[in-house]
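I am attaching a structure below and will ask some questions about it afterwards.
Order of writing sets the chain letters: A, B, C, D, E and F. Residues in each chain are counted from 1.
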């Protein structure tokens, strides 16, 4: 028996306690950034989620699609505009965003189905999943950009019960049934809270959270909720990371057990985070106790 | 008690035997044509289907969206092309078609939800619903236009069981997981057969089938399967109607009990056909016996 | 399309929000008075209830039968006697009452079955539904006339779950297993409370409640619980109406959402009350808010 | 330990194999004759059936009530008439029969409930249980006397599933929804066949079947189906017994495993037949093999 | 009908209220002492429990096997040792104990199966049923003798739901997954508490509890919880009985309704206790009220 | 990201199609030979089976224990005897065998539970799982050694449904309820057939089947059913292997899809066989087609 094959067995056996710990638990994966653009990374992410499904987890994918939206906005002769990092979304832009995001959504469905797992692509409109209200960053009206006001998770539970992998595109309607685009991070966070997810993982384009974001050697592998709150309060961790950390803090406070910020540029980052005892990226946890459990 | 209110009671009571007959039966509605363009007609169709759902039927909507596709094809500077009435669908066209149809789909979901009924919009990709193969009309390759090869109705049954109204957009993939557009009539027909629908109703832009399609006074209200087959064989009933009649014949032969060709331009045509003893449009039935039942 | 048929569609569509509001809700109908004597009215009531069942409501009928009891009492040479409006019920009278009411009960079952809906006729003895104690109006012993002491609704829930329409005749036994007759209004009220009915409708021989019961122009279409209590306290609304109003007040206080006093002499009064936005008769509601909802 | 108590244990242990054999099996008991008239016998029968229910059997009672009907017919000044042993049943007689039988029915329900077991009394009208057609003995029209044409056992199965003891009174309607009286033996037999009863027991006023019905010493304790058919063909066994034997033969041929003709005048005859290895009355079995099983 | 057979019916009828009272209730039987050694007594106990199962109770057997263990310990040349009545259990002894008890267990399974009832033999290891910790009587280490620390009753509930009779042998493991022997009384008591048993019956080698254990005429048939506690506190009732009484007190305090100390040397003592109104042995009850219920 | 961790992800991803293929399929593992003796190998086997359970398979373990039986037989001063490779099993030997095998059984339960998976240890007596008849090799009576005559798999299905891992020890009883020892290979084979296992894997002490069993270089990795039958008929493949091959042939003919002969001396052989595309040991398949599927 050659040593290479033996090694395979060991890797599988090493995964055993992790499979056990998350068996039948819901894991929300926010899928975005480079991992959505690069073809090979995309395939890897889909394979990872399919594996999670097959070994007994209950993953839910929430995806973005900003780059494709911008590209189509330009294709019809318009110019994408942003305020404070939010896309200004007038009616024609909203129309394009809905078309593009739903196509991205069905494309992911197709990739999952191709690997033999049943998937259903839904938007926040289906079954009234995401009820929104207009977002007014610093009081400014930037059009059809919404905050999640309420989540009706019945459809997600029904699909999970029937053994489908739900893939969610972040569009919803408000109380007057007007369509809104939602930031995918926000949508993932709201859904994770509504279904009491065991884990919420963000695929990002950074390695994780840095203690000093100028110095890449200060990557933090675990933060407690308290520490994360201090980071947000003090504006540490770099501009783009602040709202994401705020989302993590919110999610943890409302019942999600553990939030991860992963580097989506690393192939199979999701699998590695879950199935190996080192983990990668930054984990934010509810308490000190939890940390010891993981280290033990 | 004024007579107007009394009349209301009578109308409701008149509907009783029809509600009874179709209670918990599946009805597939092919939604297309003018009824998708005119705002008021659209609202009426959605109201009709919602009513069917609420009184105990199990409706499934299958919709098209040809006009919107053409409009978007032009918007990005391309020119829609047709061969034998089929849209030539190269890759960029297919991409636009998928975006547009999915947006139409979610728009219908939203309208149904607004009336208080839970809906889920899916494409033929979700749960592997529609498996297709390339269509080659007269041997010609017209790109990503597919015939339905196989239907996997599990997702539809699951959604119906969980009390959702499924709304299907006619896009699927082939055995190599390439995306195809499907004629909505074909998709509706294939789905109706796969779920053993009690009824399949086409909303069209004609009054129904004419014995002599030059003479509008020859509208036929009921055709048997045999008569319909003779019409197809003899090329009667007008060009556009032949493939539709062929679909009806196929559906009836594979277990659908009754097919209707309705004039979608008439407000609430669906409701009127089902709940009144006159019916409108043309019904195609399996046998003479069936006809007498309806007349009795 | 002639306007008469179009009108039918409109009536059906108008019913939509009401069907929605009461979908799968329990509605207890106290059936009595003229509507039980006149053959045509009887058929109408049965048709109304059958329609409610078919469109998704869960109706329960509770019926009386006083006139038929009196007629049979006379047939065997006895004389019906009343004290304060209650029938003096000695053993022979009780025997006749039980025979007559059960036959009325099965006759209603038969009429419902004839319309294609499954019904089961039960008395308060079946499954121990109605546990009673002797009624002593003003301290007087009038024989086997009982008050409902306890309701065991399991059988009703079981029949509803199995999709039957339960029809209840108001006879029960006391803790010593002696048979008692129960006032049908009381029985309906007790059952409505025990199953948390959404609605309790009394079919009576009056138009409703009058502000001044000498003046028929003062018919009240809606009363709040508070107003109804004041009416009872002040003895307003006419003699026969006081105990019925008291029943309504009790029912509302114990969880029934809305009580109706309908004029059973109007054909389809039940349907009209439920499916039209005017309503007929008098509704007693829990609060001001509820009223606005209905009017809105 | 005194020997009397020890004896009790032995009796219980002796019952063990019989409890085992009939566990969760349906047993239809035709209840009639003296056992319905004598107060003490009545209590015994009810206790027996309740015990069967409690130890895991699924009993269904079908009862008659001929004597009470005749008594009430006379009470209103009419004269009971019979043709060939069948009551001539005009409309007034039918009305009385329905009243009387339903009261008998609810009285039995009450007795069962008093012993702590849940019972529901139904007639053949409830849930459309018994569909009948006019009986024409020797071509004679004797009014509303019916043969069972079809049994819809759903309600019986639903009640058994919900752990109720069903008690059936033998009245049904024909295809035109006219009410008919049914011979209780016929009704019991039809129901036993429809539910594939393991056992059908007739409580009668004779000891059983005699080989020579003039000679009481010739009581037969077991008959095969073949022998029973010969008895019927040859008119042996005494006049009143022939139609009952014919019923037994029919029941056995259509799936009932074993039919018993018991002497209802013996206290607890039902219990003794089922729980002791001697048996009482006459058993009619499907085959020789079955006999050996019982004897072994 | 001879009087002997009639008597049988009476005995069965007498059992009726007891069957009713314990229908679907869990009864834990601690089986040990002489009743495990004498072949005929053994058969009687198994028959009794099988009868309880068949008439609707849910019995669970917990058994010992001390004598057989000692006999095997000697067979391999070792000498059984006891401290304070507890077996000193070194590793070789534990190994033998586990072998012997599991064989006793499967032998009981076989006897139950032979009577036609499905049984499953489990130890406290299966499904993690019994979690233990080392017992240190008076601080002494006597080896692998454990106290029950925690019961995980899921497997018991699953087996009962699937209609099996569970038979438990009192072996479990501690938090370090080391095997321990458990006193069968303790195990029965812990299990009865964990499943909220209606009744816990100990089969012993004494007649019951004596008020003065020197004087056999002072057998007590019923003790309240308070009285039992006083007996324990004052060391009354004889040496061997004190720990058993303590167990009874614990069980009653944690939800078991009634505990019995029966004389296992009396044939069918279990059946007699449950099905006759005298009872045998000593019952310990929660309160005075309970006593009157039983006497009434 | 270091390459070692990346490699882990790849191994997990490689397992994906195998997890998919066997998801919710039953796999019977015959556990015996060296893998039961060596402590480390034992732990590996248990870990492998636990992993299979956790990723969605439904494993059933059937184990032997011959060496431990012999050791205990000697311990009590007897001498193990064999005829044609079968243990001569008189009553004292049978008693020891039952004790030893049940202890081995509970020891396995404990090891599985320690890894966090719920297990239940049963013998062929529990729930009447294995019904046997005396084995008479070449007509010789060798005592209590049985062949499996009938399998009642209900208990196995119940335990799998409730999510337990069943561990079976090969002891059963015959129609007279006498205890028999069963060859573990035979028991595994009979169980695999009775539950329609997808796979049956034998852990043995050889590398697999050799074309020429003198020449270790002729190990066969796949055999068709036909080839295996020829091997048996021609007595090829070495003495000890013939009966095992015969078992494989029987199992395949009765619905098991694939049988494996694995070398239990290789750590994690089970995992490697299932999760890698090389496989180890010898697989026997139903047809040529099956082989191509695996190779493709």
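To be clear about the criterion, a residue touches a chain if its C-beta (ideal position, glycine included) is under 8 Å from a C-beta of that chain, and two chains touch if they have at least 3 such contacts.
Which chain is which protein? Per UniProt: A, B, C, D, E, F = Acetylglutamate kinase.
If you're wondering where the values come from, they're calculated on a predicted model, not measured in any experiment.
Annotation of subunit B and subunit C: not jointly contacted by any chain, touch as defined at the top. Centroids built from CA atoms put subunit E at 55 Å from subunit A. Our note on geometry: subunit C versus subunit D, Cα centroid distance of 37 Å, whole angstroms. With centres set at the average Cα position, the gap from subunit A to subunit D is 68 Å.
Within subunit F, contacts with two or more other chains are made by no residue at all.
Taken as a contact graph, the chains are arranged in a single closed ring, with each chain touching exactly two others.
By the touch criterion the chains form one closed ring, and its order from subunit C via subunit D is C, D, E, F, A, B.
In the complex of the two chains, the subunit D residues touching subunit C come out as 75-76, 95, 98-100, 102-103, 105-106, 109-110, 113-114, 118-123, 125-128, 154-155, 158-159, 162, 164, 171, 173, 177, 179.
Residue ranges on subunit A touching subunit F, taken from their complex, read 1, 5-17, 19-20, 23, 47-48, 50-51, 54-56, 115-117, 266-268, 271-272, 275-276, 278, 280.
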